[in-house]
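What follows is a pair of complexes built around chain A, which joins chain B in one and chain C in the other.
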Partner chain A sequence: MGKYHIETKQVPPRFLPPGPYCVIAKEEGCLGCKYCVKKACPYGVYEKKGFDIKELRETSSYYCHHCLFCVESCPAGLISLMPNPEYQRLGDGYWTPEIITSLWRQAETGKIPVSGAGYGGPFVGEGFDEMWTDMSEIVRPTRDGIHGREYISTAVELGRKPLALEFDPDKKMVSQIPPFVEISLPVLLSLPSWGRWDRNVLFSLAKAAAKLNTLFIMPLKEFDSTFLSFIDHLMLSVETKEAIRSIPAQAQFIEIPLDLVSEIDVVRQGHSERIISVKVPFGPGVEKTCLDLVQNGVPIIHLFADEHGREMVELRPRFIKDAIQDVHFSLVEQGVRDQVTLLASGGIAMAEHMGKTIICGADAVVVGQALMVALECRLCKECEKGLPCPVEINAIDSEWGAQRIINLMGSWHSQLLEVMGAMGMRDVRRLRGELGRAIFYRDVIKESFANIKKVSGE
Partner chain B sequence: MKECNKTEKWPPEVKQTPSRFRRPLSKYKIIRNENCDNCGICVDVCPYGVHKFVGKKVQSPNEHYCIGFACQGTDHYCIDKCPQNALSLVQNPTMEALGDHRWPADLILGTWYQAEYGRPPAHLEYKIGDSGDGFDRLRFNFELDNQTPTSWEIDPEISTSIELNRRGDNRPQVTISVPWYGGGMSFGSISLTVMLARAKACAAWNTFTCTGEGGYPDELVPYKDYIITQIATGLFGVREETIKRARIVEFKYAQGAKPGLGGHLLGDKVTPAVARMRQSIPGMSLFSPFPFHSVYSVEDHKKHIDWVKEINPKALIAVKVSTPNDVDMVAIGSYYAGAHIIFLDGSYGGTGAAPDIAKKNIAMPIELAVPKVHRFLVEEGVRDKVVLMAGGGIRTAYDIAKIIALGADGVVTGTSELVALECTRCHNCESGKGCPRGIATTDPRLSAMVKLDWAAQRISNLFYSWYLQLIDILKRLGMKSVKELVGRTDCLVYIERYEKENEKK
Partner chain C sequence: MKKVTVYFCKNLGYSQRDILDAFNLPSEVSINLVGMSCSCEITAGLLLKTYEVGMDLIFVLACPEEECVSGEGSKRIKRRIEYTKEILNELGLEKVRLEAFHVPKNSLGALKEIGDKIKQSMEEVESIFYG
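Up next, the complex of A and B:
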C-alpha cells in the first residue's frame, strides 16, 4: 500500500460563523477626522462587515481579530469591543466556543490550527487537560512530523488477534487467523447519541469513511440499498434482536449492544468473516464486563462515555481517559489485551483527545458530535425539541458534507503526525497504552513541588 | 561600524515613554455628558492628570491614567466633585477583549505601565496572571504577611549579576548585570526595528539578546557583544562569521512553544528581505526540520558543540531544549557534551506561529521542569558547573524570582518585552502580514509603526522596574545577591488547588 494521504480542499461554510468579539462604534461625538481610523484597520473589518440577512446580524465579529488598533487610535475614543453573546452561546462548558469554531475552521480548510504568541490558556484543567504529551530530544531519536519525509503510520487493525501462532511439526501453521480489517486512521465515524440526522448527513459520513479508509458506524435501521456501494466502510449498528434478521448479507462489520451479546453466533451464522463489535457503556464494573467479553471471543469492544467524556453514572463519574486506562490495564494484567480491539468514544472533541485516548489504552476512537460540528452543527439541540435546525443540517449536499468531514479528519491526521513526530514514533499502534509518553499533572506537580510548603487555597 | 559599548551609567536611566496610541487602553472609562460647562474643577482635583484643558475646553479624559473606583471616597474623586454631575465612571468593556489566562488584561496594562514609567504600578497587576497554577499559585513567604510598602529604591549593596561560565575551562567569563537575557526571536518573526530595540536595551543593561533562527542582520553587528548567535535546525543564515562574532552561541534543539517541531514561518511573513536572509524564496512557508538530523545521541550533540568551540575558541555554548519527561537526562547530557548554559524553554512562550496542539499539549510547563532538573544536577554533583536558564512563560519580576527560587540561575525573556511594546496578546502574529501593531511583523508599513528609540526605552523601562522589584524581593528575603536565591524553595509557598471533587455529584 502506498503512503496514506488525505486530500483536503477548501470548503466554504454555508453560514458565517460568529467571532468572539463585536465592534461597537458610537457615532455621537465623532470628530469627523479626514483619516478615520476605520479606514486604517489592518484587517479591513469596516470595509468587509455587512449585515447577514440569513441570520439577521451584523458581521464584524467574524472579521475582527481583536487587535484593538481602532479602539486605541480613535481620537474621540468612540470604539469599543465587546464579547459577542452569540459566540458565547455556542456549545457548552466542555464543547466550548473555541473548540467549535476551531472545528469549523478545520472543516473549512483541512489545515492544522496554527496561531501566534504562545499558549494563553490555563495551566491545567480537567479531563484531557490534566495531561500533556511527551516529546524527545537529543537522547532519543525523533522524527519530522508533517513536514518531514519519513512516513508515520496511523493505521490500526480492527478484529481479534491470536496471542501466538501455532505450528505443527511440519512447520505448517495450524492457527486460525480470525478476520480483521485495517483502517488507515485510528478514528471511526459515527452519529452522536442524540439528534435527527437525515440521508444527506448519513451519505456525507459514508462517503467520507470510504475516502478516508475507515468505517462509519451506521444505524442498521437507516440502511437501505442506496448505501450498498459503501458497505465495505460501514459498520451496521443493530439495536434489537428482531433487527438481526434484516442485516444485509454483504455486511462485514456489525455492532451490537451489550444485551445482545448472546446473539453473536446468530449474527455470525453463515458469515464467518463478519467482525463484530460490542458496545459497552463506561461504568462501574466495566473492567469485568470487558474481560468476560474477551474471554468469550468478542473481537471488538466499543466503550462509550457521554458527550462530555464522562462515565454513565451519577456519582463521581470517571473521565474517559481514566476509565479507558482502567480497562486497558486490567486486560493487560490478565494477559489478554492483545486479543481484542478497544474503541472508545464520548467527549473526543479535538485531535489531541484522540492521541491522548490512545495513549491511555484505546486502539482507536469513535467520533460523532465533532463530525456534526464539521457540518456546521451548533450543538443547540433544538432538533431534540422538534424545532427546525438553525443551520438546516439535513439540507446539506452530501459531497460538501463529505469533504468537510475529510478536511476535519485531514487536520486531525496531521496533528497526530505532529504529536507522534515529536515523540519520535512511527506507528500509532505503538502509542496504545504508552503512558510513558504522557506527562500527568498530578504526578509532576507532586514531584516538582515536593519541597514547597503548601497552604490551603481560597 | 561603530561598536556600541555598555553605557557608563548604572542602572540605565528611566525616561517616561508614553503609549504611541492616541487613546491608550484603559481599565476604566469616564463618560462626560453635555452638562459639562468646562469649569475645570476636575482638572484641579485629579492628581493623576486624567483631566486637562485644551484652550478653554476640558479635553476628553486621559482614562489610562485613572485609578478607577479605588479613587472613590478620596477628596480628589472627580465624579463626586463635579458640580454639574457631568462625569460618570464605568469599567471599560474592551478589557474583556484583551489578554488571556496567562496574560490577563490587568497584567498587560500593568506591564504597559512599567514600560512607560520604569516602576511597578500601584493600581494594576504586575506580579501574577490568571493561569490557575504554577507561578500563579506560588508566593514568597513574605507575600502572605502584611507587607510594608516599598519605596522602590536601588540598593548598591545588593547584587543582581550572574556569571555564565562555571565550567572552569579556559574560555572567558561572561557576567551579565541582571539575571535575565533576551530569548531568540528571529528576523521574520519580529521586525528589524524590534530586534534592534531589544539589542539596544540589552546592551544598556549589560546582558544579551538572541538572533533567533532567522539569521544575523548586519544592522545588529554594532551590538555584537550583546547578541547571542543561534544555530537552529533550519540553519538559516548561520555562517562562520556569525559564529565567530558571538560571545555566546546557542544551539536550539527545541522550543517550548512547539516542542518536537521545527520553527514555523508562514509564507505571508517571508518578505523579500526575510527570504534573502534565509536564502529562500519570498512567500514560501519555511518549516525548520526537527530535530537536527545530525544529532541522534548525546555523542552527536558533543560533536556539534565541539564544532562550534573549534570555530570560535572564545564563545560560551548555550543549549536550548524544551521540557519533556526526561529533561533531566537531556540536561546532564548537555553538560557532559560541554555546554556552559542549559536553557530550558517551557511551554508558554512563543512569538510567531505554532500549531495549537503543540502549544497546549506537548511537554511540561517551566515551573515543573526547573525543580526536576535542578535537583537532578545537584544529585549528579554538577549543578555548580553549569548555568541553568529558564524561559517560556516568564512574565514578571516575581516570575523571575520564583523560578530562580525553584532552581534556575536566571531567565530568558521574550514575550514580556513585546508586551512592553504594546502587544495585546491577540495571537495573530502567525499569518497575514503578522502583527497588526507592527511588532511581530516584517511588513514595512506595519513595522514603521514602531520607532527604535521609543521601543528600546520601553524595554529598558520594564527592565528597570524588574530590577527594582528584584532588589526589593532580595531585601525582604535578607539576601545580598540573586545567587543566594537559587533553589531556595523554602522561601516559597504553594497555594493548593481547591479540590472540587467532593462537591461533584
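Up next, the complex of A and C:
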C-alpha cells in the first residue's frame, strides 16, 4: 500500500466569515498622497477587497491580518481597526472565535494554520490546555520533511483483536481472527448531537469519509439506497430496537447505544463479519461498564462527552482527557485493553486535541461539531429554535462540502505528522496511552511546589 | 416586492429579531438586516454598491452621537448620508430612499417609531412610481 496522502485544494467560503477586526478607512480628510499606504498593504487587503453581494458588506475584514501597517502609516491617521462584535459573538467559551476561524481557514486551504511569529497567549489553561506534548526529538532537523521518506503511519485498526494466536501441531493457525477494518486516519466523522442536517450535509460527510478512507457514523434513519455506494465507509447508528430490522444487509459497521447492548447477537444474526460499536457516555462507573463490555466481546466502545468535552454529570464533571485515561488504565490493569478499540468524542475542536486524546488512551477520535464548522456553521444553533440557518448549510453542494472536510482533515493529518515527527514516533498506534509523551500541568506544579509545602509543614 | 436593507450598528445591542419585530413591515417587503461593527464602516461607496445590487431603500441605524464607540462614526454618518443623497439625486433617484436614524439603546419603542418612518418612506417611493 502506498503512502497515505490527503489531496487538499483551495475551497473558498460561500459566506464571508467575520474577521476579528473591521477595517475602518475614512475618506474625510484624505490628503490624496501619491503613494497611498493602502497600495503598500503587505497582504494586499485593499486590492483584494470587494463587495459581498450576499452579505451586503465589504470584504476587507476577512483578508486583513491586522498587522496595523496601514493604521500606523497613514499620514492623516484615517485608518483604524475596530473589534468586530459579530466575531466576538461566535461560538462560546470552549469553541472560541479563534478556534472557529482557524477551522474555517483550514477547511478553505487545507493548510496548517500559522498564527505568526511568536505566541502571545497563555501557556496553560483548562481542558486540553493543561497538557503539553513532549516534542523531545525536535532537536534534529527533519531531513526531508514530514512527508518525506521516513513514513509516519496514521492508520489504526477498528475491531476486536486477539491477544495471542494459536497454532496446531502442524503449525496451522487455529485462532479465529475477528473482523476488523483499517482506517487511514485516527478520526471518524459524525454529526453533532444537535442541529438539523439535510442530505447535502450527509453526502458531504459520506464522500469525505470515502476519500479519506475512514468511516462516517451516520444515523440509520437518514440512510437510504442513495447512500449504498458509500456503505463501506458508513457506520450506521441504530437508535431503537425496532430499527435493527431495517439495517441494510450490506452494512458492515453498526453502532448501537448502551441500552441495546443485549441486542448485539440480533444485529450480528446472519452477518458474523459485522463490526459493532457500543456508544457509552462518559460518566460515573464508565470504567466498570467498559470492562463488562470488553468481557462480553464488544469490539469497539465509543465513549462520548458533551460538546465541551465534559462527562455527562452535573457535579464536577471530568474532562475527556482525564476520563479516557481512567478508562484506558482500568482496562490495562485488567489486561484486556488490547482486545478492544476505544473511540472518544466530545470537545475535539483542534488537531492537537486529536493527538492529546490518543495520548490519553483512545485509539481514534470521533469528530462532529468541527466538521460542521468546516461547512461554515457558526454554531449559533438558530436551527434548534426553528429559525433559518444564516449560512444556509443544508443548501451546500456536497462536492464542495466534502472537499472542505477533506481539507480540514488534511490539515489535521499534517499537524499530527508534525507532532509525531517531533516526538520521534513513526506510528500513531504507538501513541495510544503513551503518557510519557505528554507533560501535565498538575504534575509540573506538584514537582515544583510539593517540597515547599513539605518544608513549610515542618 | 420592495427590497429594503437596514444597516445597523451592532453596538446598539439589538438583535435582528428585535429589529424585525419592532419594524413589523408588511410581508411583501424583503428586508436585509446587516450588522456593522460601527456606523463609520458605512460609506457612500458601500451605500451605492448596495443600490447597485437591486435594493430599493436603505436605512441606517446608528448609536446616539455621544455614545459612539469609535467616537465619530455616529457624527459622520449624517453627513455621509447627505452626501450620498446628493449623488442619488444626480442619478435621478429619490432622496427618501435613504435615511439614517440615531437610535437610543434599549428602546424598542424608539425602534417602532423608526419602523413607522420607514413605512412612510416606502409609501412615498410607491406613490412616486404609481401616483
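The definition used in the following text is that the second predicted complex is superposed on the first by the 390 of 458 C-alpha atoms of A that agree within 3 Å, B and C clash if a C-alpha of one lies under 4 Å from a C-alpha of the other, contacts with A are read in each partner's own complex, and residues count from 1 in each chain.
As a convention for this text, a residue touches a chain if its C-beta (ideal position, glycine included) is under 8 Å from a C-beta of that chain, and two chains touch if they have at least 3 such contacts.
Computed from a predicted model, the values in this text were never measured in an experiment.
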item	value
A:W132 touches, of chain B and chain C: first, second, both or neither?	first
Which superposed partner A:M409 touches (first chain B, second chain C, both, neither)	neither
Which of chain B and chain C A:I275 touches, first, second, both or neither	neither
Contacts of A:S73 with chain B and chain C, given as first, second, both or neither	first
Partner chain(s) touched by A:M82 [first = chain B, second = chain C, both, neither]	both
Partner chain in contact with A:A374 - chain B first, chain C second, else both or neither	neither
Comparing the two partners chain B and chain C, which touches a greater set of residues in chain A	B
Overlap of chain C and chain B interfaces on chain A (superposed complexes)	24, 80, 82-83
In the complex, chain C residues that touch chain A	5, 7, 10-11, 32, 34-38, 40-41, 43-44, 46, 49-50, 53, 55, 69-70, 73, 76, 79
Chain C partner contacts - residues on chain A that touch it in the complex	22, 24, 26-28, 51, 53, 55-58, 80, 82-86
Touching residues on chain B, where the partner in the complex is chain A	19, 21-25, 29, 60, 63, 92-94, 96-103, 131-134, 136-138, 144, 253-254, 257, 259-262, 264, 266, 287, 289-291, 295-298, 301, 321-322, 324-326, 329-330, 333-334, 347-365, 367-372, 392-393, 406, 415, 423-437, 440, 446, 489-490, 492-498, 501, 504-505
Footprint of chain B on chain A - complex, ascending	20-21, 24, 42-43, 65-69, 71-77, 80-83, 102, 112-124, 132-145, 147-148, 314-316, 350-352, 356, 415, 418-419, 421-423, 436, 439, 444-445, 447-449, 451-458
